[in-house]
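Naming follows writing order (A, B, C and D), and every chain is counted from residue 1.
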Amino acid sequence: MNDEKKKALQSLKTCKGQIEGIIKMIEDERYCVDISNQIIAAQGLLKKANMLILKQHMNCCVRTAFVNNDKADEKIDEVMNIISKITGK
Amino acid sequence: MNDEKKKALQSLKTCKGQIEGIIKMIEDERYCVDISNQIIAAQGLLKKANMLILKQHMNCCVRTAFVNNDKADEKIDEVMNIISKITGK
Amino acid sequence: MNDEKKKALQSLKTCKGQIEGIIKMIEDERYCVDISNQIIAAQGLLKKANMLILKQHMNCCVRTAFVNNDKADEKIDEVMNIISKITGK
Amino acid sequence: MNDEKKKALQSLKTCKGQIEGIIKMIEDERYCVDISNQIIAAQGLLKKANMLILKQHMNCCVRTAFVNNDKADEKIDEVMNIISKITGK
């Protein structure tokens, strides 16, 4: 497993722990703004994981597609589709 | 616990399950684009949870602050701060 | 016109000027990454304008709706709908 | 000029017109929620322009960098940096 995937995995595991914490915060009726801020922090971790996955995808699959001129347009469309989803409507 | 919080809790629990699935996808060396799409789905669940928390916060704490004219400006600033963070820099 | 609206107006005018600059950059075949960064800066100005409009909407219309208990739920739904659109799907 | 750039140019010109309309809406003291929705529409046009610029950048500069193995890592970093900015902090 490459470095980016290892770091993505770490972010996802941290994020999972945070979500468990947020669930507990809601059950304990903690202040909404604090809950909201924790959700934003968890979103940041998911975003970080996604950036890492995307980066190594570009470095690996997209690069190979370009170099071999094999389905390069398809790979670009896939990546643009992901980016478009990440950035919202 | 009000309805919004119950639904937020459900979204967070589903999200946690999805993240466990994504961790397994990375460990199984699944295709990056599929992993990325799953991360985006998990982000959608966190966003949904946050919207629900924010909505009931407005309905409850912000409403009370306005009605009692008690720290209303502070509440507005808190909410705007959250919205600003959610929407990115 | 209140302060927030004045500032929003200023952001929008600056943004308009930036977009004129970006149009010229594309016509001059400038480097894509520089163009992209300028578009992001323009997006930042629109976001700032929207936050200002939203803030004074909360301070004014939403506050009045809560205090008079007049269509408060409708106002909350409107604001949540805006926030949901801003933050993407 | 390639097709993507032509379409991006068109989006930017439409966006500029929309912003002029929004400025007028604020000056005419129109309802904040309508103003906010128009700003969101303008943001959508900027996003569309940016996606088009980014797509043709990938198809052109990034592809060339990969094929010639010339500063490919630098190009990836540039693109990831843009994506990271677009998706917010």
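The working rule: a contact is a pair of C-beta atoms (placed from the backbone, for glycine too) under 8 Å apart; a residue touches a chain by one contact, two chains touch by 3 or more.
This one's a predicted model, so the numbers in the text were calculated from it and none came from an experiment.
Engineer: More contacting C-beta pairs: A-D or A-C?
Structural biologist: When the contacts at A-C and A-D are counted, A-D has more.
Engineer: Which chain lies the greatest distance away from subunit D when centres are computed from Cα atoms alone?
Structural biologist: Most remote chain from subunit D, centroid-wise, comes out as B.
Engineer: Quick check: how many Å separate the C-alpha centres of subunit C and subunit D?
Structural biologist: Taking the average C-alpha coordinate of subunit C and of subunit D, the gap between them is 15 Å.
Engineer: Round to the nearest whole Å and give the separation of the Cα centres of subunit A and subunit C.
Structural biologist: Inter-chain centre distance comes to 26 Å.
Engineer: Hey, how far is the Cα centre of subunit A from the one of subunit D, in Å?
Structural biologist: Averaging C-alpha atoms per chain gives centres 21 Å apart.
Engineer: Considering subunit B alone, which of its residues make contact with at least two other chains?
Structural biologist: In subunit B, 47, 54, 79, 85-89 touch at least two other chains.
Engineer: If every chain is a node and every touching pair an edge, decide which shape results: line, ring, star, complete or other.
Structural biologist: complete
Engineer: Given the complex with subunit A, which residues does subunit C contribute to the contact?
Structural biologist: 85, 87-89
Engineer: Can you check the complex and tell me which residues of subunit D touch subunit A?
Structural biologist: 44, 47, 51, 54-55, 58-59, 62-63, 66-67, 69, 72-73, 76, 79-80, 83-84, 86-89
Engineer: For the complex, give me every residue of subunit C touching subunit D.
Structural biologist: Touch residues, subunit C against subunit D: 1, 5, 8-9, 12-13, 15-16, 19-20, 22-23, 26-27, 29, 32-33, 35-37, 39-40, 42-43, 46-47, 49-50, 53-54, 56-57, 60-61, 78-79, 82, 85-86.
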